[in-house]
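Structures given as structure tokens follow.
Next come two complexes built around subunit A: one with subunit B, the other with subunit C.
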Partner chain A sequence: MIYSDILRRVKTVHQAKEISYEIDMLVASLFKKESFHERLKTIRALTSEDIINAMLENKIEISNHQAIKNFLVELRSKIHSLKPFKIYLGFQPLETTIDKIFSWVSTNLGFGYVLDIEEDKTIIGGAMVAFEGRYKDHSLKKSIERAFANKKEEIVRVLNS
Partner chain B sequence: MRDLDYYLNTIEEIGYVEKTTNPIVYVSGLPGAKPEELVLFEDKSLGQVLSLKPDLAEILIFSNYPPLLGAKVVRTNEFLKMPVGFELLGNVIDPLGKSLEDIMPLKRQASSLPIHITPSGILTRKTITKQLETGVSIVDLVLPLGQGQRELIIGDRKTGKTNFLLQSVVTQIRQGSICIYAAIGKKKVDIKSLKEFFLSNNLLKNLVIIASGPESPTGIIYITPFSAMTLAEYFRDEGRNVLLILDDLSTHAKFYREISLIGKRFPGRNSYPGDIFYTHARLLERAGNFVTPKGERSITCLPVVETIQGDLSGYIETNLMSMTDGHLYFDSDLFAKGRRPAINPFLSVTRVGRQTQSSLKREINREILSFLTLFEKMQRFIHFGAELSETTKVTISFGEGITRFFEQGLSVTIPLNMQIFLFSLLWNNIMQKKSNNELQDIELIIKVYQTNPAIRKKIDSIIEKAESFNGLLSVVSKLGDKFLENIKKYDPSINSGSE
Partner chain C sequence: MTLEPIVFFDLVIGIFILSVALIFLVFSYSKTVQKIHSYRREDEHLKSQMHKKADEIIEEARQKANKILADAHFIEDKERLAFNENLHASSTNQIKDFEKVSQDFLKAYQNELDIIKGNTIQVLKNISKDIEKDTLFEIKDFKEILKKDTFASQKIVEEKIEDAYKRVEKEIENYKKERLQRVEENIYKTLQEVSKLVLGKTLSLQDHENLIIDALNQAKKENAIV
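Showing the complex of A and B:
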């Protein structure tokens, strides 16, 4: 099945969890009195348009509940299989910042990753990145610590002058 | 051990706890993790890499409380080590070298050694040539042990195994060895009574108890015998002979089985994992007689294993029998009959002990064994009662005397030369003729030997000069009567009382 458009919209772990939850709700509504279309209107993490477009793309009939279920379950498992790209920031990023970071990750690593952003004010600035077990500290805190360790006398002299 | 940030910044690898099944934790990440490498969790607790899977590392934790899901984990590029040093003597410590007694914190040790190492190769080993005295007559005369031997102590629970071990420790420490007692998964009350025994006998200065209790983390119980062996190797390299007691490996095997089953390893016989033999063999292979820069030094290892209803064919029991140099079997039937120690000489084996004996001792050994075999056969005729021939009656009565001679309480340890001398008195029938109360007299003779240097010197020289058992018997037959008549004069308790 083709999910690429939907998967490209999933940028963060938080979003992935939200979408997963909403997919569960949609699957549950398929065989209940409550209409699937009614439930589709309430979803927020994705738009109903996204899902309907994906279903059309995959040639799934709206009346075939079993096919819709299979489609949604597979979509959920695809979302679960997205690998986290952990990033520690000194601030809570805005949507635009997340888009920029995600665009960098997509360009450099390709698709199939979601950002797992954690706020850690102690790092002051910059970022720490953990990806597939590798860890890199590019934080301002570390740079300052390194500067103090290497150029302590110089800094003290400048501060005293 | 440094903090998490240090390892994070130097090694630049991170993992996250994905799943916990105490005592095993599954961690994602850590691409460079190596088997047996130490890892540090966010909560400062330690773990050891057990195995590696394509996307997860299986970690054995050394804490009772597993880390939280999602907690950070870092590699340390270090392997499990324990602090070593002479400062540890006299202490009860856990396998990571921390004192188990809160009263006195341990001094910081200068060095530490890795707990899991490859056993030394054949070039560093030497044939066992010196006898290890246990102070227990039946062992020293009939089933001798050598310094560097690995002798399994096997028997049902409550058959006197620990008593024998304590007697061996007493004798060895008095001879200048260092003893390490590994109490694996033992109750605190047992560990305390062990310490009190050693304290009351003034032995603590040459002894270390490495203990883990049933409430200790499973990982800690698992490494207890390995830590004890590491400490034994340290003292060996420092030029001391070491007696190492592993009490007991059946408990160790059970805890290792628990770890393996939780780790979803394929269960084998009795649900033990396939590598239980390897686990115990790589431990026991580290004992032996070694050539060190400070001369020939040994680690004599006495692993204990508990049988159920005298069944010697159990999995762990037979494994350990095959990797040790013999076993002493503590028979519950003999124990019930009142024999102390309840060692069954016919079901016990010593593979290298006899090669350490002098020709005199070997001769005595042969005499005793052939007589005990004859006595065992004769005992079958006992139920014929009055119909027994005079020879049979004499053999049986003499056999009972020999059996009584081998009876020994917990508080009694008999030096080897004294054992030979006493046995010669008994074999010459001098003891039976001259003594009204054999046991009392034996105790008195031992006491005199231990307290009177002149008597000790005389007996030692008689034994050393004897070239054969017959020669010794003829010397003893000349001196024995007089010796027994005069022995009461040397009784230290009477003399001190009269003063």
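Showing the complex of A and C:
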């Protein structure tokens, strides 16, 4: 099955949870009176469009409920298998910032990762990264503290003069 | 039932013998009783005789005793009078002797007392002088010791005050240094915080994104992301 277009749209842990929930709703609707088509309208337009495109790409008939279910279950499984990339930022990122970070991750690590972004205002700027048991603090706070520590005597001398 | 003649004669003879024996016994008893009565009468007579004789002896003894007692009283009165006279004379002499001895003794005692009194006054005067001398000497000695001790104490107190002053001076110096260091530290921290605040506020979105990408690249360089 081809899921690459959908998976490329899942950039954060939050988005992965949302899509998983929507997939669960679609799977549940397959065996109810409410038609699959009707249910598709209730989920986010971008997701529903992606799912329809993927189904077409994989040549899955809309009447074949079992095939749709298999497709959706596998899609959900693929989403669950995405690895989190933990990053701490000094502000709540906009979509463009998320895109840039995700792009960097995709370029440097490849596909199969989602961003697990946490806001921490104390770090001011830059980022702290926790990835596969390793941790790096390259925040602006750390840089300022380091700079002040290196120049402490000089600063104190200036203050006393 | 009939008795044999020989048995009958035997019985008669037996009774006869017994009767004779009984008569003899009665006769003997009567004789003995008469003897006893005779002895009793004799005894009573002897007793009355004895009483009579005893009374006579006692009366005679009593009369003799009265006579002796009367004689004794007469002698006693005579001797008592002589004794009293002798006793009176002796007592008078004794009193006179005793008075004389007492006078002598009193005189001697008075003399002795005067001597002792004089000696005691002299001894007391000497003691008083000795005490005065010793006291003056001790006061002088005490003054010198006190003077020395006062100088020593003054020196110790001066040293202690000097030590305390130096210690306090050092403590003040340390406190000043500590306070100054704390002030410097606070200024330094404040400056740091202000820098963070200013930098954080002056960063644009582009700056933030660049810093994030720089951070990621740096982490990759340090092999935190592979």
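Observations
FYI, the second predicted complex is superposed on the first by the 154 of 161 C-alpha atoms of A that agree within 3 Å, B and C clash if a C-alpha of one lies under 4 Å from a C-alpha of the other, contacts with A are read in each partner's own complex, and residues count from 1 in each chain.
As a working rule, contacts are C-beta pairs under 8 Å (C-beta built on N, C-alpha and C of every residue); 3 or more make two chains touch, one makes a residue touch a chain.
Since we're looking at a predicted model, the values are computed, not measured.
Per the definitions stated earlier, placing subunit B and subunit C onto a shared subunit A by superposition produces no clash, and the two fit side by side.
Touching more residues of subunit A than its counterpart among subunit B and subunit C is C. When the shared chain is aligned, subunit B and subunit C each come close enough to touch A:Lys136. Rounded to the nearest 10, the superposed model shows the Cα centres of subunit B and subunit C diverging by 30 degrees about the centre of subunit A. In the superposed model, A:Ile62 makes contact with neither subunit B nor subunit C. Between subunit B and subunit C, the smallest C-alpha to C-alpha distance in the superposed model amounts to 8 Å. When the two complexes are laid over each other on chain A, subunit A has residues 134-136 in contact with both subunit B and subunit C. The residues of subunit A lying in touch with subunit C in their complex are 87, 89-91, 94, 96-97, 100-101, 104-105, 108-109, 124-129, 131, 134-136, 138-141, 144-145, 148, 152, 155-156, 159-160. The touching residues of subunit A, when paired with subunit B in their complex, are 130, 132-137, 142.
Interface residues of subunit C, counted against subunit A in their complex, comprise 184, 187-188, 191-192, 195-196, 199-200, 203, 205, 207-209, 211-216, 218-220, 222-225. By the touch criterion given at the top, residues 8-9, 12-15, 28-32 of subunit B touch subunit A in their complex.
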